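Each of the two complexes below includes chain A, the first together with chain B, the second together with chain C.
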Partner chain A sequence: MIKGISCLAKACSWLAVVVTLGAVMLFLGFLGAKGLNTFNLTLFFGQTPPWEAITGHLPVWHGIWPACVGTVVLVLLSSLLAIPLGLASGIYLAQYASGSWKSWFSLAVELLAGIPSIVMGLFGFALILFLRKTLAPQANTCLLLSAVCLALLVLPYLIVMTQTALEAIPGELRLVGLSLGFNPWQNLVHVLLPLAGRGILSGVILAVGRAAEDTAVILLTGVVANAGLPAGILDKYEALPFQIFYLAAEARSEGELAQGFGAALILLILTGALFLGAYYLQSTFSRTWDQKKLII
Partner chain B sequence: MPIPGQTRWHRLEQRQAAIKGLLLGATIISCGSVLAILGFLGYFAVPIFSQGHLAEILSWDWRPFQGRFGILPMVAGSLCLAAAAMGLAFPLALGICGFAHGLGPQRLGRPLLGLIHFMTGIPTVIYGFISVIFLVPLVRNIFPESTGYSWLAAALTLSLMILPTIVLVIHAQLQQVDVRVRLAAAALGFSPAQTLLWVLAPMASRGLWAAAVLGFSRAIGDTIIALMVAGNAPQVPHTLLDSIRTLTAHIALVVATDSTSQAYQSIFACGLILFGVTAAVNFALRRLQTRASGAMRHD
Partner chain C sequence: MGPKETDNLEPTARVAGLYVGFAGRGVLHDLTAEFYRGRLAVILGRSGSGKTTFLRALNRLNECFPGSETRGLINLKLQGEWRDIYGDIVPLTELRRRVGMVFQTPHLLPISIASNLALPVKLVLGLPRGEIPSRVEWALKEAHLWEEVQDRLDAPAHTLSGGQQQRLCLARLLALEPEILLLDEPTASLDFRSSLKVEELLLSLKDRYTIIAVSHSLSQARRLADEALILRDGSIVQRLSREDLQAPDTLQTLLDEIF
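After this line comes the complex of A and B, so read on.
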């Protein structure tokens, strides 16, 4: 009887693994097979000469170069907003906050982490409606608005990763600096942050990857299909995830479809590389502390 | 005359206080943004209550050109899609976790979990894209009466997206079980499979609940897969081949098609519902976690 149940469970688990692996391989294999063939200069620049396209002298039609640039600018801008705020909040929560305030702050961070990205986009849209009614009647959705909303979306990742990385440092190491006469800030900058560096960096990379892939937020806050290179932070822009979304629905020819596959493969390589980097840092970080624990 | 050492000490103290203040300021901004989001959604949803549109919005009919703005079909759509995706993903996740924790060969466990980890990094829009190109025509070929853009296709795609979340939560929960428990079970002659089924699984049962709740909220919160694959007809589905529209996709569609102010009011109601669902999920998870950690730590 007991043997029977074990065997049944084993069979079911094998089945689950085979089905999942099969589905994932089918998806990624399909993308790889269709996407790799599309990799050439035409995918990026269409019929425009590459150098003129890169310098922005000539506009690019039928190429994903503007979308790549848009995504990079968008991610840089939102990182610029989110990283200082997230690191500072994470440091405060790990080092300074205590008692009921700490649990209230943590609750707020958890709530922020749970908000679906479309609601974050709706917040940005509401912000524009509000600005139009009150301060700036000309306000419109734009790159800056998207960056702000994306920053809010990735903020909880940064806060939680910073906080956990700092809190993972063993108590003895926290006290060493203080006992030698460092003040709390010196201890933080010269001892704790370097020790937690890998963990924090992996949080930053994860946040960047999350900002690069999100589609729902930018859908409501100013991305368009044909804007060319972003002209300024108050203008509309193109982005890779949106281009993929748009081409899936609107592709009218084989060429446009191939462009969609190319864009999807590039986005996958980008986020995959970021993700593997973060995973590597994270695993070496936790291994360090396991060894330290063994020594101490 | 002030003593030089004392002023220096004083200045250092001031700097410490200033740094702490700066960090506190950042934290207040971060945490205050939740209130700002809730505030904006609420502010734009207020006319629903003050102008008495509540009954209109809580109806089963979405026909904006005839002045009908009911969002209940979308609520039903979200629930149906999330439930179907969970129904597919949860058993698979259980099987995968079982495989990695004793039911399968030990050597294969780590690479499998590595792959699952990698799956969390795959952009949602790519799932949607491949689904539109590959899965939707497949559904259309097998069931010629359907357009392919259906509850079924969206649920299949969405289940693949939420699978890693569920697996990783269950996995984390199983890992927390004390090593001594495993050793005790092994000493009593349990095989790895028996240890998992009769010792570890009952101990991690709250973790299963947490995984289910978290997976469900991921499924409710997803926009892109539903928008791309589910067909977006505002109706209550009767079969798996029917087209459905979720709350999230509804928000995206209404903003994109730019219609009347009352349509806008309805999407802020949708936003509030989604916010409420995820907040409720958070509170449920908090309760589960405090209880689970109480149950796990006996020493």
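After this line comes the complex of A and C, so read on.
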């Protein structure tokens, strides 16, 4: 009887893996089949000569290059805002907070995690309306506003992953640095954070992925279909997820629809590249930590 | 071993009326003891009798846990001066490097062998960069490890065997110039042969450091201890000299009563 259950459980687990992998493969295959044949310079730059488009000398019409740049800038900017804040909050929750402060703060983080992205977009939009009526009549939806709202959206991933990674370090290991006479800060920087590095990286990857793909937030906070390369963080911009949405919804020809698939594939590759970048950073960091030679 | 020498030795650590509790629940009660440099003390007792808590009272590590409460007197002779470690203003970092601790399992950082020593030396002592390699070498020699690792100082520390890792932990302490060594079942995770090596090392260190070791093994206590303190329910119930420990009938009584 028990053997039968165990066999069944094994079969179910296998099935789950096969279904999941199958779904991913099917998805990638579909996207590849539809999108790969659109991969050429026209997809990116339209009719504009590539070099002039890249340097921004000539505007790009019917190409996704400005959207690629917009997404990269947007993700970098929101990471820049969210990562330090998320890490610091996670460290606070894991190391310093106690009692009712900790439960209040944790509750706030959970609430933030539960906010749908469209609501976050509305928040950004309302914020601009508020600013226009009060402090800054010139304020308008822009790249910076989107980045701030996205940062708020991904903040909970960073906080929770950092906190979990730090709290997962076994008890005695947290005492070792202190028992040697490290002060709490040295213990954190030289022992705890490096040990929690892998978990923190997972949070960063999740956050970056989420920031790159979100459409609802940027829809209400500054993205447009045609803006060219972002001129500054206070200007409108283009972004890949919105471009895909726009192309899919408003496609007037087979060619434009195919361009949408191409853009989707590019977004996937871009996110993958960002993940690899984050992974590479982390492994370089832990390697230098492994063979720390600066002191010997 | 020579005759009993307590009479002409001066203690280096005095504990009187020590109470330690966590969240109102007492772990140690009215504990009084003295320790000497040159007389290795082994604390024996069942698990849960407060052995680890006692060691952690001596370097104030209990305070890292929420709800801890410590009362009573702990005086340690550090750099020739008596210090009341809970009363005087001894900086915690200074106290903890003078009163080094080895844990049950070797907790090394996932960095190279040399860096495991160099990092604390740099952070805690602030030695100039040029002096660090010689300090590392000195500490490894002191811990009888130099011969085994001198060719692979840059190898990750976890490539060492369990016994070597534990001796590296000791070397890490010694590099910080401690005066008192607290050993919390230092051979608990080691095989017999590696345990003997660690014991041999401890015996060679005992004349220069005050060593207080917790052990779960009576036979280890008989090999190591100049004095054994039996802890039960948070109090010391018996003190045994080396001679007492060697006597066969004590062994039987101890086995029956304590374990």
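Definition applied: the second predicted complex is superposed on the first by the 240 of 296 C-alpha atoms of A that agree within 3 Å, B and C clash if a C-alpha of one lies under 4 Å from a C-alpha of the other, contacts with A are read in each partner's own complex, and residues count from 1 in each chain.
Criterion: contacts are C-beta pairs under 8 Å (C-beta built on N, C-alpha and C of every residue); 3 or more make two chains touch, one makes a residue touch a chain.
Treat the numbers as computed from the prediction; the structure is a model and nothing was measured.
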Partner chain(s) touched by A:S98 [first = chain B, second = chain C, both, neither]: second
First, second, both or neither for A:I54, with chain B first and chain C second: neither
First, second, both or neither for A:L274, with chain B first and chain C second: first
Partner chain(s) touched by A:A168 [first = chain B, second = chain C, both, neither]: neither
Partner chain(s) touched by A:L41 [first = chain B, second = chain C, both, neither]: neither
Contacts of A:V191 with chain B and chain C, given as first, second, both or neither: second
Residues of chain A touched, compared between chain B and chain C (which is higher): B
First (chain B), second (chain C), both or neither touched by A:N183: both
Doubly contacted chain A residues - partners chain C and chain B: 183
Chain C partner contacts - residues on chain A that touch it in the complex: 98, 172-176, 178-183, 186, 190-191, 194-195, 289-293, 295-296
Touching residues (chain side chain C, partner chain A) in the complex: 59, 61, 64, 66, 92-97, 100-101, 103-105, 107, 109-112, 114-115, 118-120, 122-124, 129, 132-133, 136, 153-154, 156, 172-173, 176
Complex contacts: residues of chain B adjacent to chain A: 12, 15-16, 19-20, 22-24, 26-27, 29-37, 40-41, 43-44, 91-96, 98-99, 103-104, 112, 115, 117-130, 132-134, 160, 163, 191, 193-194, 196-197, 217, 220-224, 228, 248, 251-252, 255-256, 264, 267-268, 271, 274-275, 278-279, 281-282, 286
Interface residues, chain A side, partner chain B - complex: 2, 5-6, 9-10, 12-17, 19-21, 23-24, 26-27, 30-31, 34, 84-86, 88-89, 91-93, 96-97, 104-105, 107-112, 114-123, 125-127, 129-130, 152, 155, 159, 183-185, 209, 212-213, 215-216, 219-220, 241, 244-245, 247-249, 257, 260, 264, 267-268, 271-272, 274-276, 279
